[in-house]
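The data blocks that follow each hold one structure.
Two complexes come next, and they have one chain in common, subunit A, joined by subunit B in the first and subunit C in the second.
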Partner chain A sequence: MNLASTMAAPHFAATDSFIELAARERARRLLDADTFRELLGPFDRITSPWLPLQGIVCQADDGAIVARGTIDGMPAVVAAIESAFQGGSIGEVSGSKIAAALELALRDCERGKIVRPVIVFETGGVRLQEANLGLAVIAEIQAAIVALRRYVPVVGVIAGMVGCFGGMSLAAALCTRLIMTRQGRLGMNGPEVIEQEAGIEELDASDRRRIWQLIGGEQRVATGLADTLVDDDAQVIGAAVRAAFAAGVPDVHRSEAVERYLSLLSGVTPETVTPEAMRALFGGASSNRDERRLDR
Partner chain B sequence: MNETTPLSRGQRWFRALAGDAAGNAPVSPIWYADAPLCDESARFIAVVPDADNRFPRARENVVGLEQGWRLARAVREVVDADARAERRRPIVAIVDVKGQAYGYREETLGIHLACAAAVDAYASARLAGHPIVALIVGPAMSGAFLAHGYQANRILALDAPGTMVHAMGKEAAARVTRRCVEALDALGETITPMSYSLAAFAKLGLLDRLIDGVDADAPTDEQVARVRQILADTAASARCGPSDLSRRLDSDTARTTRAASIEVRRRMAMQWDAGESA
Partner chain C sequence: MEHLTFDYPARRVVAARSHVGVVGSGDLEVLLAPNDAMQARVVVNTSVDGYGHIWKSVLDRFFTRYDGAASIEINDFGATPGVVALRLAEAAEEAEGMQGARA
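So, the complex of A and B:
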């Protein structure tokens, strides 16, 4: 080791990027050391039955990694979406892997054996080449999250750089707790889709700074739509995941707080919706305030 | 409501199935009312156009911020009301939704959470024992269908022009996949999940019944009565079935077209506990 590396600023030297990791490594890092065991791995070779019909080469894991192991010594399962394959889009197989993992965790929980579920979102939503089946499996993932989170927190991580969009943004919103980096984005309709559907006067998708101000991790946490803002560091994110489980199942999940959000919305002036106004209105009302800084 | 404005499909079917019992006029953009369904009361819910909505991108029959949260309220109201009841009333989602609302206000204010709130409410109602039936009378598009209909125990559809299911509107899907609309239609004929047709949706095992012989825009009294009877029969059968969505994989059609979904679950269940003391 040369002198230059030992003299590097400790902050940067310590950085252990999570964003740069592929989905399999992300799952490994969220589980306790040496407990990672992949289910339906590449050697099982369950691939999309629909992509070859459209001349698209399959990937052996269909872009979703499911791994069992432990988190803080407790049985756990991590489902991590691989953005490098088809933009993390949800097809029949990748979506069914996530749904199956959650359904099996639910089965164990119903039998009194708690399994801690983590979903690492990195997806544009439905894989258009599998359109209606992508949508169907997303509905199944959502159903499983709602059923499972009665027993155990379902923890979502949105690290970036793809972010989490489409039907999977609803799945993220159903999670008990959401952990985001500043690089992560969470929204239903991607900026390009809004520009296409509503015109550039509605939203300029090339204005990256504005997009992050609207839907980036910092804004989402500041307005209570996500819970914990973390640096892009695998150890920090792992600590945030453990803290999210330690906090237990809340009395009311964010997506159940109907009257609270209808009341907040009634205070919105549609003509002047800005990220700052949104923080002023929603930020102070967050029920998740105390959790936000748990591991900062 | 302005009598000169033509009714949307959702409004027409809501009136036909629940209108007389609704009493006071329903409030847009979510119409809901309790009305008789054979020998019991059921809650009917529709998303309808709302020309005066203060969110300009949410004035058609789409699911926007207020629609999502108000759907959740309409569903949770019956869940709470029936919490101690021996018999939980059926919930009928009348589906005629063109999509979610696309706008920067919607994203800023968390339309994903508003839609998730509706998903949550329907899923929670199903888990609580309410039979939930979705009746597709128009488009059932993308995130809007996830929020209003896709969590149902049973999905029915009218076999009529204008009913369709898809993850993305045809024009947008054509742009994204760099195909023309005609090519997209042709693809749907060979690749079942790509189709917009309800017949193809049925082949995926996701549709419980395609109801033919009904004029979706101007149904006769006899046709409405027939649909009402099918809704009642479907709700009764849903009441006897599982409260999760496993039934969607439990049909002969699903065993063929969703073989991969089934195989993923079978193999994952086998590997789930391997290497652990059970």
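So, the complex of A and C:
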């Protein structure tokens, strides 16, 4: 893009949206140029055996894209979830693809060949039509992240607009570093589920401002539960992923700082807590952590 | 869910395969690959029942211009005929390597 077109176009038109990309294109953009090589792609036709039994049309890649390539010249694997297919839900096949990608990276790391893993979360969590099979494989993904992060940072990206919920929000929380946009959301239960289960007095799922104040990317970074807030721009997100790997493996992962978070939580009064109070209490957790990083 | 199959004559071999679209609301996925026989075969898996005649019309029109011996699989999630036509054209264009696509 030349200078003239940058000046002429408004900011939103000059950016190179990551959110608008489908999962395959997202994976391609996070890898170094022309290194994208898809594993178990759509023509391998590894589809869900459960959806047709329930009258639901399959997608040929089951909504999970796994690609090898390089990031800053280092071997890398990207697992990207396609939000448009069944809400990015994790079924037996899509989840197994992600778990296997991470487990293969782990095997390489154990042999001394470091593979950089990136997960592009865009998921409502388990695919309800596949129930326990989806849950079981989410546990496998979580175990693989924990095993892998001893060797290499496991980097998560939550760009939006679906966000990251359910069991996969726990997987995201296990990542070494999380990169979020303002549009991204990270939470265990989605707003609709909370409204349905706890009542509209607890949370009005149509109150978008409120929801993003609670679980949006800006709040998650400000409270140290995610690490980097980025604009919705493929190049900016790519640079943040590279920086996350360059920062190396920290001494203590966020999910290992149990005492720290128990003590922070003891300072929260659920009846009166506000987004601002959460920032005041939790803020800075992430920056403290990064000072203790190890460079490998 | 309905499965439909359509056959069309072909006049040339298709060299490359292509994949476009997603099985998302109002959209569809098209997988286009070379067919072994010198004819085209389209298999449609659709979430919306009872529209076989519309599929035939859309495909009849597509094959008035397309003569490749392709095996085409469509996984449809309620796409309108216009979207189907655009995705088919996109898949054909991608398989041809964009040659002359913008002429």
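In the analysis below, the second predicted complex is superposed on the first by the 270 of 296 C-alpha atoms of A that agree within 3 Å, B and C clash if a C-alpha of one lies under 4 Å from a C-alpha of the other, contacts with A are read in each partner's own complex, and residues count from 1 in each chain.
To be clear about the criterion, a residue touches a chain if its C-beta (ideal position, glycine included) is under 8 Å from a C-beta of that chain, and two chains touch if they have at least 3 such contacts.
Note that the structure is a prediction, hence the values are computed from the model and not measured.
Participant: Determine, for the superposed arrangement built on subunit A, whether subunit B and subunit C clash or fit.
Facilitator: In the superposition, subunit B and subunit C stay clear of each other.
Participant: Which of the two partners, first being subunit B and second being subunit C, lies in contact with A:82: first, second, both, or neither?
Facilitator: Only subunit C is touched by A:82; subunit B is not.
Participant: Touching A:22, do we find subunit B (first), subunit C (second), both, or neither?
Facilitator: The second partner, subunit C, only.
Participant: Does the superposition put A:42 against subunit B (first), subunit C (second), both, or neither?
Facilitator: second
Participant: For subunit A, which side has the bigger count of touched residues, subunit B or subunit C?
Facilitator: B
Participant: Figure out whether A:57 sits in contact with subunit B (first) or subunit C (second), or with both, or with neither.
Facilitator: In the superposition, A:57 touches subunit C alone.
Participant: What angle, rounded to a multiple of 10°, is defined by the Cα centres of subunit B, subunit A and subunit C, with the middle one as vertex?
Facilitator: 110
Participant: Quick check on the superposed pair: does A:181 touch subunit B, subunit C, both, or neither? Answer first, second, both or neither.
Facilitator: In the superposition, A:181 contacts neither subunit B nor subunit C.
Participant: Answer with first, second, both or neither: which of subunit B and subunit C does A:123 touch in the superposed model?
Facilitator: A:123 contacts neither subunit B nor subunit C.
Participant: For A:228, decide between first (touching subunit B), second (touching subunit C), both and neither.
Facilitator: In the superposition, A:228 touches no partner, neither subunit B nor subunit C.
Participant: Between subunit B and subunit C, what is the tightest CA to CA spacing in Å in the combined model?
Facilitator: 16
Participant: Which residues form the common part of the subunit A surface touched by subunit B and by subunit C?
Facilitator: Shared contact residues on subunit A: none.
Participant: What residues on subunit A touch subunit B, complex-wise?
Facilitator: Residue positions touching the partner: 37, 39-40, 44, 46, 48-50, 53-54, 66, 68, 75, 92-93, 96-97, 99-101, 103-104, 125-126, 128-140, 142-143, 146-147, 166-167, 169-174, 186-189, 193-194, 196-198, 202-203, 214-215, 223, 225, 253-259, 261-262, 265, 268, 270, 273-275, 278.
Participant: What does subunit C use to touch subunit A in their complex?
Facilitator: 1, 17, 19, 22-25, 27, 29, 31, 33, 45-47, 73, 75-77
Participant: Would you pull the subunit B residues touching subunit A in the complex into a rising list?
Facilitator: Listed in rising order, the residues are 54-57, 65-66, 69-70, 72-73, 76, 100, 102-117, 119-121, 123-124, 126-127, 142-143, 145-147, 150-151, 165-168, 172-173, 175-177, 187, 190-195, 200-201, 204, 206, 244-245, 248, 258-261, 263-265, 267-269, 271-272, 274-276.
Participant: Going by the contact rule set out above, which residues of subunit A touch subunit C in the complex?
Facilitator: Going through subunit A, the ones touching subunit C are 22, 41-43, 52, 55-60, 82, 84-86.
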